[in-house]
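The following blocks contain the structures, represented as structure tokens.
In what comes next, chain A is part of two complexes: it sits with chain B in the first one and with chain C in the second one.
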Partner chain A sequence: MTPPKTATAKKVDIATARAPRAGSEELISGSEAVAHAVRLADVDVITAYPIRPYDTVMQYVSQLIANGEFDCEYIVAESEHSQFEIVKHASAVGARVFCGSSGVGWLYAFEALAVTAGLRLPMVAMVGNRALDDPGAFGVEHNDALAVRDLGWMLAWVATAQEALDTALIAYRVAEDKRVFLPCAISCDGAFLTHSQSIVNVPTQDMVNSFLPPYDRAEKQLHPDNPITIAPQANEDWVMEIRRQSDMAARRARDVIIEAYDDFNAQFGRGGEPFIERYMMEDAEVALVGMGTLAMPVKVAVRKMRERGKKVGFVRVRWFRPFPTIELQDALSGVQAVGVIDRDYSFGASFFGGVLANELRCALYPMANRPAIVSFIAGLGGREVSTDNVIDITSKVLDAANGGDIDDQDTHWIGVRE
Partner chain B sequence: MQETTIALSDFISTQVLEPWKGIKKVAREEYFTSGHRTCQGCESALVMKLMAKAAGPRSIILGATGCMYVANTTYYSTPWVVPWMHTQLGSAGSAATGTVAALRAMMRKGKMEEEPINVISFCGDGGGADMGLSAISAALQHTHYNLLIFMYDNESYANTDIQVSGSSPYGANSTFSPPGKVHRIMHRRWKKNTAAMLAAGHPDCKYVATVTAGNAIDTMNKVRRALTIGGPTFIHSLDPCPKGWDYDPKYSHELGELATETGIWPLYEVEEGKVKMYGKSKHIASGAFKRKPVREYLLRQGRFAHFVEEDIDYFQAKVDEMWEKWLVPGVIPFAQA
Partner chain C sequence: MSTGSVEVVYRGIFQKTLAKNICRGIVFAAKNEGKIGIAFGRYSDSPERNGIPAKQFAVVADTEEEMEEHLSRYEPDNNDVTIAADDTLCKGVESWAWYGLQPINKLLTEGGTLLVASTRSADKLIGEIHRKGKPYNLATVKGTASFSGLWVYKDDHTDVRLLGALAKVAPHLVSLDSIVATISDPLKVTSAKKAYDLVESVSVNTDQGNDEVPFEFEMPGWTKMEEGLVIRGMAGQQEVPGRDGGYVPTRNPTFKKFSTRTMRPVVNFDTCTQCKICWLQCPDSCFDITPDGFYDANMEACCGCGVCEAVCPVSQCITMVNEEAFTDNAGQWEMWTKDKESYSGWLSEKISQPPARTHGFHHLGQYAEEIANDPS
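And now, the complex of A and B:
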């Protein structure tokens, strides 16, 4: 028996769907904001697989599709490995794709994540950052997304729902730029961002269309009119040259990101500085560095410290790949000490530090007057990082700046029961 | 070619590929040509050639890791005339699904010219019957996606130097199951009944078939049928592999035929829920052809050289069971309790 038709033949006119006509203000969560970006980007193929907390984005996406407000091929896969492989292949045919995961789900797809970058496919994914099992925890840790940091994935961390929406649009533009052709993951802290609502300006379709050109796979499109062979066995004869091409693409991504932010700022009147956000850094003597929603308690603490006359600032790393080496050197050149707060771990690493701390140490090493770096680990498994925690951290960094006896050869765990 | 256009909204039309009636009617064009580096007598490489020929030029072929990738598709010497893309070992089902999804979405939204394009995704037995089984199962559930999963079964993880898979025959000697002083039989699992499992488990899948390259026209026509009928389809091919099975390469076809004549490899198709045996299997099922003893097949291959009478008897008894006790002989097990 022929199953009943499940879709109407009518093409959904995206511009006239429920989407607000002019940039409208909506009270939505980070996940819903990303779903709006995906709709506005007119994504062609989306795959879902349930895992908290990222899965909320797919709940919104599927609702948009069910209501006829968004037209795409939407597939609930049978595993994350398949979820990412499906969109990987769709991207090779020239479709704009969206996908996402969290924690162990992201790692279940690891093989697909590696080849997506190797194949230079501009997949955009949302990671709802979550602690890796075991032990089970739904809360945020950044180790999931960071696991792909060496593979060619561009990695952005966002702090607000607005930034999530905006960064998703920027991600498509950068990833699909022929000079780049690399996948991009947008990390949204589990619960603190995926599930928390705030006022978001949702742009109109016209605004997005003028910012984001269609994806054109051009001579790399897999189609009978273009009978190419993709990803043959290359071995030592060619692999090194191919890796070098990925390296060059990752280098070129820097300029493409800067261009995209310039345009975004001009067209949307927001977007900020690419790569990093500087908060009260103009005259800062010590700085805190971190990623994601940590920004909230950190900014409050910075203001409190300022009230006490301490010249403290904050640099939020918005893009981890490509790593903003130049921007961080610039932002931190005037400070005496830096406190890096990692919401991740890298057991057995140099100084037992987190991933961000050691990456930053590396970036600042060539500076003539490099600041002292004190590294902290906080907020693992979704534990709240309180303003008091940050004040505690800041005091330690001030201590380092003033030549105190704080050990900057070790990493300090904050808010942990010893 | 007949025009069959159904609105793209839900079902995309397929190409209508009529069966080729005899060798003289077969298209001359090849879409899998020189450039590959498989072993002499490699039946799987022949299967690739037949599959591509049957599908024709308006096709996209995806291939999972395995001999048909590593030995077959070398940078700068690709044998593929049609567009071809590698997929991961367990991803044949996902590769097909993603490719079709992209074509559908882009055609529907006017981002690509509307046209029925064949999508075939192949994998070996390791990639298909073991690692990629769940993705293939999922692909076969997308009844509005026109795709063919083609599993070439050389009965081992051949490319990694011949290791047993869930599709290897009982007792086979492999680099992971060598006969030793204490354990003669290291591989004790009976071969998975993959084609029938998928047919039975996915009743909405309109076409599942088993083939051997020795029956070249049948193989090609089954590919053409699978691509024409629409929806997700599956073909399982048994491919003698001189390296893994350990025999002189000139006997590849003969071993394929023996596999059928002994009843070990039944040739059948399941179209819209109806099982049809064909070739020698049809005559075995009807009683017109008496199954040859399995020893005639086993003793021709080095991978069974360590077998003693007891092993051959066990093998024979299991094959007898398939034909004498199964609900659908040679295809579906279970008997009425």
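And now, the complex of A and C:
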């Protein structure tokens, strides 16, 4: 297989790149961290509509405004649909915007979400991942954000409050790059990240200013001095060309993300490898793959398995769109078996697997020595994924690696009551 | 083993039911003959918009395989018959998947028949129809354009009259007997048979017809198109060509839309008070401002909606006139400026004919009034 012509990133271990830098150390939640990023990015227009767990970020943003620490247009809309429509239009006139939602609130905005990507408006949004309302369910599941995966939205998943802040700054830089001009959603696991506080380095305004240039829509800015129409009716005679342009923007996003991480690492002394985090992968024989905060129990389980002499590693997918095909092929090329833990579902999909498992299987298919892939579904609706759960998962993956009788053409539900 | 197809070009919304009825008649008649028939619509814009040129097709085949082969194309381009339900469509249409002005006979096969409902003679119609590189026939069924609306259908027998005529000009597609077998009303059967007997057909050679080259344009590829669905405003104003002063807005050179027009405004510049209301209210900004302050409806941009006539405060200053009374898109103000007396004569002649078409129904009871006043 010929590797695609594209840049590859420097490998940086997040754990070792944590030297304290200028800025302040604050004990804040993931939502507060995003609110700080929004303040530091000097966002112009923010719209809000309450839904758990996203609403914490709107509370913190309004607190910053009330405290005189931040100035922006802050509009509480009457629904998510209007919430996203307002920032969509604000973005077209050249305002840097922020928005967010959770679960079915995000889906209520779906029409605006689809058009935002189609119109190439670089909105940055925070999704507080939430189950799709089996009435009132507010625990984490990733299906809400994943619903826009085919539309041109860039999708990042974060595991810590620090990463939430950093990724929000990176998201503005990537989304607003002229080569990209696509919206970006940062997914934060409901409760586990949105409501969990940890010590976060909040950088100074000067540091952020030197990393993040102002949003410049240039000749595409909707303004009386620049008479243009945005989004005229487009039928079969134009739509395919428009889709092809979005396709190329999504391809170009890859290199822009790599550049942004290189600069971020240089400027802030942290940030890590773009796209994926590799944990104990150097000599791993089997690997686990997942997204978001389940990294924590997985890392604990990986260490426990290592104590038992099992060469287990973990790859955390940080960006789902653009999908890190090259990085995952590289990270998983040496292992015999991979266990994918989906905190989502795709009922009726190939092998009944989750979205990540099927996307990964597809990415690894062209490899000459592709590993066996066992897919797992765990932690739905905010259920705990315990260390024991992950040890159970790892045992099954080891079984697959050793030619055991584990069925790798089925999907295993972990932590579900029989 | 054979297939055949009929293209029905009609005006949305006024003739949507009419076109549907014609195609249904063809499909049921084919079924009566043991053939397979199918009907489908094609349109450039919503066929619910007033006057927009739209299409219905009816395809007849002996076998399922032949039908599939025929339908696997985007749009049948070798129709046995093209029916123009309104004769002003003979000037050409801006059609779906066609970028520019499509001649009405463009999709007609060599030796096929263009069937038009019209009160005019074949000779007059040929003058409007663009030349075709191949010979074809022009058949006419005498009748005014049958226009109704979204909620009403004026059952004036135009559907069965065109079906009867179709059986005459294309007997290989459907016979009169099978057409008649689909009609339940005995009076309508009589109409169909009468049209079969009375339809007139002449052959049209390659050197006959309008020799204007219809406008066309190339669409840019994705690497040339501006990203983000951005369309640049066209800069600047222009003066009236060949004059000092005036204002002609820059218009989209590719989507002109004038083939939607079934009536056009004519302006009496002698009574015009230059109040600007037509210029303000025209939804298509079709009025050019002349150097002497008049408002001249530009026929490359006018859709014929009639708003200007409705809002003009001066009695009989702007009058909507049947589109069939015109052979070109020439400017009226130029004509008036050149020779005011002869313009006055031209104007009187144009507005002497009562309107043959409608712009939809604006008040309760209007449909009943029109039926009562319809000379046909």
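The definition used in the following text is that the second predicted complex is superposed on the first by the 395 of 418 C-alpha atoms of A that agree within 3 Å, B and C clash if a C-alpha of one lies under 4 Å from a C-alpha of the other, contacts with A are read in each partner's own complex, and residues count from 1 in each chain.
The working rule: a residue touches a chain if its C-beta (ideal position, glycine included) is under 8 Å from a C-beta of that chain, and two chains touch if they have at least 3 such contacts.
Just so it is clear, the structure is predicted and the values come from calculations on it, not from any experiment.
Participant: Could you check whether chain B and chain C clash or fit when both are placed on chain A?
Facilitator: After superposition on chain A, which the two structures share, chain B runs into chain C.
Participant: With the two structures laid over each other on chain A, which partner does A:D237 touch: chain B (first), chain C (second), both, or neither?
Facilitator: The answer is both, since A:D237 touches chain B and chain C.
Participant: Is A:H81 contacted by the first partner chain B, the second partner chain C, both or neither?
Facilitator: Only chain B is touched by A:H81; chain C is not.
Participant: When the two structures are overlaid on chain A, which partner does A:P224 contact: first (chain B), second (chain C), both, or neither?
Facilitator: Once the two structures are laid over each other on A, A:P224 reaches chain B alone.
Participant: Between chain B (first) and chain C (second), which does A:R120 come into contact with in this model arrangement: first, second, both, or neither?
Facilitator: In the superposition, A:R120 contacts chain C only.
Participant: Go through the superposed model and pick first if A:A90 touches only chain B, second if only chain C, both, or neither.
Facilitator: After superposing on A, A:A90 lies in contact with chain B but is clear of chain C.
Participant: Looking at the overlay, does A:Q245 come into contact with chain B only (first), chain C only (second), both, or neither?
Facilitator: It touches chain C, and chain B stays clear.
Participant: Can you tell me whether chain B or chain C touches more residues on chain A?
Facilitator: Of chain B and chain C, the partner in contact with more residues of chain A is B.
Participant: Of the partners chain B and chain C, which touch A:G415 in the superposed model: first, second, both, neither?
Facilitator: neither
Participant: I'd like to know which partner A:E73 touches here: chain B for first, chain C for second, both or neither.
Facilitator: first
Participant: What stretch of chain B clashes with chain C when the complexes are fitted on chain A: 243-251, 261-269, 279-287 or 315-323?
Facilitator: 243-251
Participant: Touching chain B in one complex and chain C in the other: list those residues of chain A.
Facilitator: Common to the two interfaces on chain A: residues 227-232, 234, 237-238.
Participant: Sort out for me which residues of chain A touch chain C in the complex.
Facilitator: Going through chain A, the ones touching chain C are 118-121, 181, 220, 227-232, 234, 236-238, 240-242, 244-245, 249.
Participant: Which stretch or stretches of chain B touch chain A in the complex?
Facilitator: Going through chain B, the ones touching chain A are 7-10, 57-60, 62, 69-70, 73-76, 78, 80-88, 90-91, 93-99, 101-106, 108-112, 117, 134-135, 137-138, 142-143, 204.
Participant: Which residues of chain C touch chain A once you look at their complex with the stated criterion?
Facilitator: 97, 99, 219-222, 225-233, 235
Participant: Hey, which residues of chain A end up touching chain B in the complex?
Facilitator: 3, 5-11, 42, 44-45, 47, 71-73, 75, 77-79, 81-82, 85-95, 111-112, 115, 214, 222-224, 226-235, 237-238
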